[in-house]
Amino acid sequence: MNSAQLKSALEAVLFASGEPIELERLAEAVEADSDITKQALEELAGEYDARNSAIALLNLDGKYQFSTRPDYAEYIKRAMEQKRKAPLSQAAFEVLAIIAYNQPVTKSFIEQVRGVDCSGVIASLLRRELIEEAGRLDLPGRPLIYCTTTNFLRTFCISSLSELPPLPENDEGVRLVSEITAAEQTDIPEQVLLTK
Amino acid sequence: MNSAQLKSALEAVLFASGEPIELERLAEAVEADSDITKQALEELAGEYDARNSAIALLNLDGKYQFSTRPDYAEYIKRAMEQKRKAPLSQAAFEVLAIIAYNQPVTKSFIEQVRGVDCSGVIASLLRRELIEEAGRLDLPGRPLIYCTTTNFLRTFCISSLSELPPLPENDEGVRLVSEITAAEQTDIPEQVLLTK
Amino acid sequence: MSNVNINPDYKLDVFEGPLDLLLHLISKNKLNIYDIPIFTLVEQYTEYISKSIDEGFDIDSASEFLEMAARLLYIKSAALLPVHEEADKLRKELTGELIEYQECKKIAAKLSEMSSGIDSYVREPMEIEADRSYQRVHNVTELLDYYLMAAGKKLRRLPPPVEAFSGIVARRIVSISSKISLIKNLFVKHRKLRLSELYKKSESRSDLVATFLAILELSRQGSIYITDSLDILPVSNAEISDITLLTPGGNDSNEFSTA
């Protein structure tokens, strides 16, 4: 690997990682001597500086990391906060509704009701502060449980969960969900947790 | 803000966000006109290409995202001690093909074409963010429908669905069709309908 | 059961499903996919399945393969009847499925060649102090609607709107039955249709193939006649003199045997 290839490989690794990485680990990853790696990193950092890039390659106590320069923090913050206004997806609404009516609930419960993997949706609802973690169930695997937040109440203009519209009594789906709830809460918790 | 500053601001926002961002959202974040923003993005992408950076600025269906070029996957995996991304299976490619060309589609549609249960494959494609839920059909049972994601575009190195390869010419179909055409032209309709 | 051309290296689990296995048998034995000799196919298919099971293939994971075996046997038995219209219909349905699946496989292969981007990596968002809490406001009744939707059994009073079906029928891999209804609908407005016009409307090869098979099916059902000049007429409009080919009903004209 020539010097340009070495720098590119390091650039790719540092970009993808996000976390600060030790010189030794970088050298191992690109299969180069650590002195050569160090030199390549310094050159790479110099190139980023020379072209006044918005990104800088930092050396933090022997660990290397790409980071944006502080001058741009305002734009970044604005871009990230724009997402607050993006409407919830159908999937997000459904997961939120399931949590609201059955809280606290585990991820496996939500997935049983919806029949699909919901990890991404749950992560996004957490970021948007519509739900929060409410501890772990004292069951094998100690699954996390989720409930809604005060931001949830604000979003739906209610002052407490008691103001949620009542569920229809004769809806088959509602009955089905309460069966899952019953199963989860009582006799056969292992099974609930293992049927994912 | 001059053109160099604009490009730097965009670079910082895209780098920090990690996720694909719509042109409009970028323009808003850097407080510039969207045409000017678009031009700056194209220039920025060109600069990354011109210096053979290990990082590329992709346009995925009007969203922009930085990504490493595929050549460096080995180093990244090694550095991040990541398990090799499992390659996509034949089944996964088939399900993706059906979704990509017919989206949005239900699971039962996919299963009808493939003649087998596809729950596992769909769950894995959802987890890998190659497909996503796109709501439900307003039909009894309210089935979920699926479509492809921007990650799908990135994985297949295209920037919009219109760049998908045209449906392959079915060899048998070509033969069939040319026989039809030939027969039609020579006024032998019996042949048309009795030939396969 | 002889001369089954099976590569011993192939095990049942290398096939993506019964359609995949059928396509394999069809190409191995150079059968015509547009005119599957059902008897040959049934024999080879069942022999392959039973051989795989003898060799230890898990019967539980073979349910879809067994279902197809049952389906093939059913078509075979229907084909033994003196009037075997149903067998032809079922056989053509299977042909349509096989063509569709064959296209699916070809596209999948192309996608597989294009998938180098799977090795590109993106970043996790940087940890930045930013307020990401949701900002919009919704009516709380929406939540109930979504809850019932997720529970999957929302009661409905009205039939679903036409657009609701778009996800099902908006497909470029074209089904023959949808083509049939399309052609039937055209007759609501038109007294006759030109065969060539129908082909021209086709947007892709599979569309064309489906159009062709749909016309075959309609003429077999006796719903349409095709004239010498390749006009297609619905039965109600057909003059006796127009009926020059493909008279419906008789057993002989049902079998689209090799030309």
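Before moving on, here are some points about what is shown:
By letter and in written order, the chains are A, B and C; residue numbering begins at 1 in each of them.
Here is the rule we go by: contacts are C-beta pairs under 8 Å (C-beta built on N, C-alpha and C of every residue); 3 or more make two chains touch, one makes a residue touch a chain.
For clarity, every value in this text was computed on a predicted model and none was experimentally measured.
Chain-level centrality, scored on Cα centres against the all-protein Cα centre, points to B.
Farthest from subunit C in terms of Cα centroid separation is A.
Of all chain pairs, the one linked by the largest number of contacting C-beta pairs is B-C. Centroids of subunit A and subunit C (each the mean of its C-alpha atoms) stand 40 Å apart.
Averaging Cα coordinates per chain places subunit B and subunit C 25 Å apart.
Residue positions 15-18, 66, 68-69, 72, 76, 136 of subunit B each touch two or more of the other chains.
Contact with two or more other chains is made by residues 121-126, 128, 149, 152-154 of subunit C. Contacts from subunit B toward subunit A in the complex involve residues 4, 8-9, 11-13, 15-18, 21, 25-26, 28-30, 52-55, 66, 68-69, 72, 75-76, 78-80, 122-123, 126-127, 129, 132-136, 144.
By the touch criterion stated above, subunit C contacts subunit B in their complex at residues 16-20, 32-35, 64, 68, 97, 99-112, 114-126, 128, 149, 152-154, 156, 160-161, 163-165, 167-168, 170-173, 195-196, 199, 204-206, 208-209, 212, 215-216, 219, 226, 228, 230, 245-246, 256, 258-259. Residues of subunit C that touch subunit A in their complex: 121-126, 128-144, 146-155.
Within the complex, the subunit A residues that touch subunit C are 12, 15-16, 18, 67-68, 73, 76-77, 80-81, 83-85, 87-88, 90, 93-98, 100-101, 113-114, 127-130, 151, 154-158, 163-165, 167-168, 171-174, 176-177. Remark: subunit B residues 15-19, 56, 65-73, 76, 85, 87-88, 90-91, 93-94, 96-98, 100-102, 104-106, 109, 113-117, 136-142, 145, 154-158, 165-170, 172-174, 176-177, 180, 184, 189-196 touch subunit C in the complex.
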